[in-house]
Every structure is written in C-alpha cells, then in structure tokens.
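Note that chain A is present in both complexes that follow, paired respectively with chain B and with chain C.
On to the complex of A and B.
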C-alpha cells in the first residue's frame, strides 16, 4: 500500500509519541538509579553508583531477588511439565469433555489476578488448611504459567500434525521412544519460548502473590511496593526496578527471537 | 485369482467384517478382503470412500469398530502400530525434519536396537536402491518432492516389512515424475517380493500398477478383480464410470436401441464412426449401427473425442485414435452412424 507523504508523517509522529509515552518513564527510572540526589531532583546533577551499592547491600532486596527467582524457576518447571502433557492430550487424543478442558486450561490467564488471588487464598487457608508461604506462591503462579507453555506447545503440535508420530510408530518405535526422538526435538524451541514467557510472567507478578505469599515471603515486586513510599528508600527502589526491567525483558526478547527463528526455518 | 482362505500362510493380509465408524459416519463398513503374499494390490476410490481408513486400520493408526485384521494369519486387530510388521509411505511423506536423510532412513533400525555402523550401512544400501545415496547428509527440507518420496520409500523398506502400505504416494508429484515413479515402484516391488498395498484415487495408476484392484465406495468394496476384469467387465454403473469413461445406456434406451431391458455400459474406444451415407443403420452379425448427429469434436493430440446425439435418444462419447494418418472428418452437425460389437457391451446390475 502506498501512503501519501502527509499521512506518513502523521503516522510517524503518532508512533513516536506512543513509544515516547511508553518508554520515557522507563528511561527516567534507569537514569534516576544513577541520580546522586536523595529526593531524585531533575535533572540529575551527576552520576553515582551509591544506590546500586546500597541495593546490593540491602538484605531485604537480595532476599526478595532470591525468592522471586525460586518462585519463577519452580513454577516454570511445573508449567513446562504439565503444559506439555496437557497440550499433547488435547492435540493428539480424542476424549470426553475435551473442549471444556481446553477452555478451563486457558481461563486462568483471562481471569483477573485479584480473583485468582482471593480464590487461591481461600482455598489454601480455608479449605486445605495450608500455611501460606513460598510453596503456595509457586502453585499459584503455576496456574497461569501453564497457559503460556500450553499455548506455545499447542500451536507447535498443531503445525506439526500427527503424521511424524505415526511414522515413528509405524517404523517400530514405542510411545516413549517416539516422544524422545521425534516429538520432543521438534517441541524444543516452543518449550523454551513458553518457558521464558512463563518465567517473566511469574517474576514480576504482584497481585496473586500478595494474596498467596503470607507474611514471611517477599518477592521482588512486593518488596518494591513495600519500600516505594518509605523515605530514604526511593533511590534503592529505582535500582531494584531497573533490575526487574532487565530480568523481565530479557526472557521476552529471547522468547520472541526464538519463535521468530523457528518461523523463518519453516 | 481365487481368494485365499483366511489364515492360510499365503495370505499377507486378511480383513474380516472390518468396520470403522467416526460418530455417525461409517468410514469403513464391513470389508472382507484377502491380499496374497507378494501381491501388488490397489485400493481405488474417490476421497471419502474409505480406502485410506482401511489402510490406517491395517497399519494400526486407527482402532477398528468391528471386525478383524490379520497379518500373515496372525490376528493383530488390537495391536499398536509399532507392534505390526507393516510400514507406510505417507501421502505427505512425514520425513522427520530435524534429522538428516540418512538418519531418517536408519530410524526404523535405530529403534529396533541395530548398532550404529550396521544401521548406517543398511540405510545407505536402501538409499542406493532409490538412487539417493549422494544426498544422505541433506535435511528433508532441502529435497525436491520426488526425492522426498524416494527417501520415504527407502525409510519404509529398510526394515524389511512383510507388507508396505502406500497412501497416495505419487499424488504430490507432477505427471512426468509420476510416470517414472510408477515404473520404479513396480520394479521395486518385483525385486523385493514385498506385498504392496497401494491407495489411490487415480484409476489409471491403479490399472497400470496392480495385480488386483478393489474399488471402494461409501466404505465398502463394490468390485474386486484384476485391472482387466475391472476395466472390461465392470459390474455396476459406479465402477463403469469411475474407472475410465463409459457410455451408460439406461434400461429405456437399451430397450429402444438393443431390445434389451437392462442397463448397459460401453467404452468410448470400442465405438467407430462412419458417414451416414456409408453404412445402413440396424443390427446385423452382432454389430450395432446407430445413426446420430455429431454435437462436439475435441482434439486430444492422440486422437479425437467426439460427442454424438443418437437418433434413438441418449448420447455417446466416442474416442477415435488418429492412426495411419486418418483424420477425423466428423464435424459438428454432421450425420454419422456409430457402430460397435454386441460383445463389447457390458450388462450392469
């Protein structure tokens, strides 16, 4: 399609504006993490690593990072195993209630976090009588992490079709051998992409976490929320936010690059 | 060819009352069939006639709703695909995209626990049979359609199955390559002595390749026989029209034209045309001569296809070969007499 130069200029300006609104605040956060002023006066009068040092030395922040990584890794692993099994079942077999199960698996990602949070909180404490802690957070995160793995694997399986697995069985391979030699190698990049997305989702999740973490467990986003409005902590919060940005964006970028690469290969 | 009794050692495949229903659809509806050892057997029919489902039931990809599948006299109805001594060449070839050509061919040996060197050697041999040994390190994605087809063939025969199932394997190839592959398939089958079960919707392919053909319609076998039997003596209007082209005379036309109250089929190439002034209409010495008018004449390269409207009602398609420099004189509107031998008429039921 050919656009007139006026239209093109307007579109360029609009695109620029939208990107500016989205990314300028992030850039400000990054710059402020090096801003020597305690009250973050703008523009910065110099560059300092003081806040980075303080963040590093802050036990609360470090513990929060460790908790967040633990939660994200564990829920991603659960999501990888369950999500793969579920998509294999739904994509390769016929059974009663199949379409309902399909919907129920995807639903958690559409459900408001606050609802998931309250529901899980009630279930854990009221019905099951489990103490809230890092385990409950992991289970809670896994409920929506499964969806990203499921969607990625499901799409890959659909595109693969069933004939590779049939060909493998036809040549004498049992179910497990077929998965190991034929299905899994072709799912690898989809699993990586889905897993990275799941990791990123879990790493910066706050609403569900608030309801399922209990008093003793603090993930990074919760630590930020707790410290944001404390005097003297604002600069350190900035540093932690920058770390969070990096840890969240990197997997998404990798995931996109991976799924893009496999697209190009086909 | 007589049917071999069930379970006899010379029957490679025995199907008894085989049915497969998908919901309310009867994809396969009570098929009885015996395929002899070493036979080149074709299942012919339009899409949706159940031929591919029968193949998938034999391979073990589908579980039969009713009936039994026997391979070499052994009941395998409930066995999984990996537990049956048959291999399949798939319509889309289903070559593993993440493996080299050699690894694809060696796959069946690998999962059977054949050592690395031995399976490489055998796979290379199989690739040699299909003249592709030089492409062993390529990925399937880097091959042409015809080459993929050969790799799929090599992958299936390397494990020395008793039966090879081929699901429209030539469907994706262009005409020249198809004809070449037909010759090679036939040759390969003769050399290996393996039973081939070939699924196709292409009647010409079935006629060219097969020892016997089963014609499918709506999940049933409507006729079973040698290519000559199927082509020259179709038993139903369906077979007469699906395998090659036929002129069908319904009972009313037959009565007027031949004095027989039954449906008849007549192949276009069995009819010859003469000018209306050259011969007299009527039936003498077992030859029918029916007057009519040419409504269309189409040049085919090897001859002409001429449509004639008969004065007695109904129309005919006539195939005239261009032999000995004779040119079809028949033009549209010209009065002609179509003649054919009574022996060439097939009575349909």
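On to the complex of A and C.
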C-alpha cells in the first residue's frame, strides 16, 4: 500500500509505543523483584536477591506451587483425553448437532469467568452438596482447558487429512493399530502444544479458581491474592508474580515452536 | 508429513477380543462416533450445561435469613430485589460504563497497531509482531493487574515518569480500573481487527488514492466501513470480559464495586448463593442483548 513517509513513521511510532506499554508493566514487576525497597518505589535503589531467598523459604508459597502443579497436571491430562476424543469426532465425522457441540466446547472460555465460576460453585455446593477442594478445582479447570487441546488437535487433523488412515485400514490394520501407528504419531506434537497451553491456562487461572477452591486449597494465584494486601509480604508477592509470568509464558513459546504457527495460540 | 515406515508393521490377525471389537468398529462408523463423543460430551453436559441451567433455577430460590438454609421454593424475590434496589442499578450502570470505556480505549489503541501489522509491515515483521502481541495475552491475568498496581502506586514508575511534566499518578480508583482492564484485554481486540484488515484488499485503497482521495479520506470511507464487523468482534471480548471482572477492581479500584464484587460477596461472606446467581444474570442478560444487537453486522463470524 502506498503511504506517505510521515504516515508510515507515525504508525511505526504508535506501534512501538503500544508494544512498550504492553511489556513495560511486566518488566517493572521483574525489576522490582530485585528492588531492595520494601514499598517497591521507583527507581530501584540497588539490586538484591533477598526477596527471592525469602520467597524460596516461604512455606505457604511453596505449598501453593505444589497445589498449582497438581491441579494443572491433572486437568491437563483430563483435557488431553477429552479434547482429543472430541476433535476426532468433530473432524472425522458429520452428524446432527455438530455446530452445537462445537459451541459447547468453546462456551466455558467464551463466557465471563465469573459466570462459569458461580455456576460451578452453585452446582458443587448448592446442588451436589460436595465439599469444595482440590478435586472441584481440577474438574473446573479441565472443563475450560478442553478447548486448547481441541483447537490444536483439530487444526492438525484438518491439515493431515484422512488418507493415511484409510490406507492403513485398506492394508488390514484394525482401529487400534491405525490409531497407535498412524494417527497418534502425527498428532504427537499437536498434543504436546495443546497440553502445554492447557497447563499454562490452568496454572495462572484465578477467577474460576476462587469460586471452586474452598478455604483449604491454595493455588499460586490464590496465594498472591491472599497476600497482596499485606504490606510486609509485598516484595515476596512480587517474586511469585515473576515466577507466574515465567511459568505461563515459557510453555507458550514452546507450544508456538512445536505447532509451527501462531494459529494455535488463539 | 513423513510416516516412520520401519515401525509400521501390522501385527498378524488374531482371534482376540480386541481384534473382534476392532472389526466391529471398522464396520460401524456411527458406533465409533458415539464412543468418541460419549466421554467428552458427558463431561461437558454434566459439568457445564447442567451447572448453567441450575444457575438460572437457583436465582429463583431464597435463603432463610435466620438459619442460612436455602429455601428451594421458586419465587421472583431476588429478581425483584435486583431490579428495584438502587444499589444494583448504580453498580450495573457503573460496570457497563467501565466496560464501554475500556472497549472504546482498546479499539482506538488497536486500530493503528493492527493497521501497521496488516498493511505496512513486511511478512517477517508481521510474524514477529503477531507473536509479540500474543505473548502478553498468556501472562497471568492476576499478574497483569498486580503489575499495574505497582506501576500506579504512590512512588511507582508512573509517578516518577509523569512528575517532570507536572502530572501525578491517578492512584487507585475507576481510572486505574479502566487503564488496567484496557491493558489486559487489548490483545483480544487487536487480533480480530488485524485479521479483519488483512481481508481488506489493498487494491481498493490504492484505487481510492489514484482517484485523488487523501489517506485519511480512503481510511474513513473505504477501510473503516469494511472493518466494522471485525471491530465489533473485538469489542465483544473487551466488553464481555470487563463486565464479569472483580479481581482488577479489588486490586486497583480502591473502594469501588462492580457487579462481580457483588456476586463474590454474596457467594462468600453474605452466603446468599441465590442472590449471587440473580446478580450474575445481569451481565448475562446484557451480553445476550449486545450479541443479539450486533448479530446482523456479521461480527459473530469474525470471532
């Protein structure tokens, strides 16, 4: 497109500015984790590892990491199984109500978290009479993690088509053998990418978690929320926030490399 | 995609149960489909659809104020309360106002960057920019709100950067909520607008230029009208996600309340789940209204 150089320069400047504003707050959190000032005033007066040491020694924070990992691993495994079955069904077959089923997969992530959260809270507590705990968090997280696995596997199935599977069946392989030797090896990297995204999504989820976790279960985001307003904990919260940034962004980079396109991240 | 042929040795046919099941399955695609769908569909319907339906029903229940027990007879008391009490109207209007403001800010910020990404940047730069925009989307929502709490705090970087210009940090309040929410949902608005701009043919804009239109005129009369569905698609995200927020308000909003806070207090401290369910209906109804209003623009196909 033909644009005058002034317009071009303005656009470059605006794009740069937006990216700066997008990354600056996250960078501030990272820098503040080394800031010796207890109130996190700017600019930092020096560099210290004191808060990292304290965060490492904080039992509450460590327990919270363990809970978060447990929840994320369990819900990722459930999401991998259910998401793969769902994408095989929707990508390889045609049936009545297919678009409604598709919508149903997306719904838990499309509705505001508070609606999902209170609906599940109400269902667990008010209707089923279940005590809230780590299991209810896992069920809730698995429900909205299905969509990330589903998106990745479905995109891969669409790209690879059905001819290998048909050839395998023509050569006499049964349903299991075809899945084990033909379909699964081709899906492997898509499953890994989808699983990483599901893990990241579960690891830092807060809204649905607050409604389904009950008093005894503390995931890392809940730990942050509980300690956010305690002045003497502020620097440690800051360190934990950096950990949360790393744990959620690194899997995304990996997933992006594995799936080889940016489509999978949406 | 290459298939490892060395391992693809098909085991010889045996009369095992697995083999029999397999040949049954190969002959019956409908049975295969039902087996594939059974587990995920049961999960989603049992956990999610039933929960949503139950939410609607329990909005009609009440809580006995003495015992705290839930009374499961159906009444419209909760709905009457949220439509007549001025508290709910004030908070609902405030929430819609914040959500609308966040959406306007996001669209205004997203337009130039999406335009640069789609129409000006080279293919290589475009790829890098898409990743650069997508990555913060995956950083924790909570951490982003916390980051703005640090940025806007008394003695924080905002104050430090603004003081040479005689400005000050807005502090914690509704302004901070709008800034933070606009920040959090910005990638969700940039991406549909970027995708929409990629679909606008360059030739149209070039033709407008050849016929003497200034860049501004061709932008206003050619690009923007074609972009309306994509802009609305983006606005659905920022609007809907802001309507349901209560964490950001807690972290940077000072004493202000939004609908989400009222829901949260009634679930927790006030222990009035039916009233909370009734309040949660407000954002749902607003969103359904919004989606119905924009459906005719074709925005829903742009999500």
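By definition in this document, the second predicted complex is superposed on the first by the 253 of 266 C-alpha atoms of A that agree within 3 Å, B and C clash if a C-alpha of one lies under 4 Å from a C-alpha of the other, contacts with A are read in each partner's own complex, and residues count from 1 in each chain.
Just so it is clear, a residue touches a chain if its C-beta (ideal position, glycine included) is under 8 Å from a C-beta of that chain, and two chains touch if they have at least 3 such contacts.
Computed from a predicted structure; not experimentally measured.
Once the two complexes are laid over each other on the shared chain, residue contacts for A:177 go to chain B and to chain C alike. Residue by residue along chain A, chain B and chain C are tallied for touches, and C comes out ahead. In the superposed model, A:32 lies in contact with chain C only, and not with chain B.
Of the two partner chains placed around the shared chain by superposition, chain B is the only one that A:163 touches, whereas chain C remains out of contact. Of the two partner chains, neither chain B nor chain C is touched by A:59. In the overlay built on the shared chain, the residue A:186 is in contact with chain B and with chain C.
Where the contact sets of chain A with chain B and with chain C meet, they give residues 164, 168-169, 171-174, 177, 181-182, 185-186.
Of all the residues in chain C, the ones that touch chain A in their complex are 1, 3-4, 7-8, 10-11, 13, 18-19, 22-23, 25-26, 29, 32-33, 36-37, 39-41, 43-45, 47-52, 54-55, 58, 70, 109, 112-113, 115-117, 119-120, 127, 129-144, 146-151, 153, 155-157, 159-160, 183, 186-187, 191, 202, 205-206, 209, 215, 240-241, 243-247, 250-251, 260, 263-264, 267, 273, 276-277, 280, 283-284, 287.
Against chain A, the residues of chain B that register as touching in their complex are 59-61, 80-82, 86-88, 90, 92, 94-98, 107-108, 110-112, 155-156, 159.
Partner chain C is touched in their complex by these residues of chain A: 1-4, 7-8, 10-12, 14-15, 18-19, 21-26, 28-29, 32, 39-43, 81-83, 85-86, 88-89, 93, 95, 101, 104-105, 107-108, 110-116, 118-123, 125-127, 139-140, 142-143, 146, 160, 164, 168-169, 171-177, 181-182, 185-186, 197, 200, 204, 206-207, 210-211, 221, 224-225, 228, 237-238, 241, 244-245, 248-249, 252-253, 256, 262, 265-266.
Residues 161, 163-164, 166-174, 177, 181-182, 185-186 of chain A are the ones that touch chain B when the two sit in their complex.
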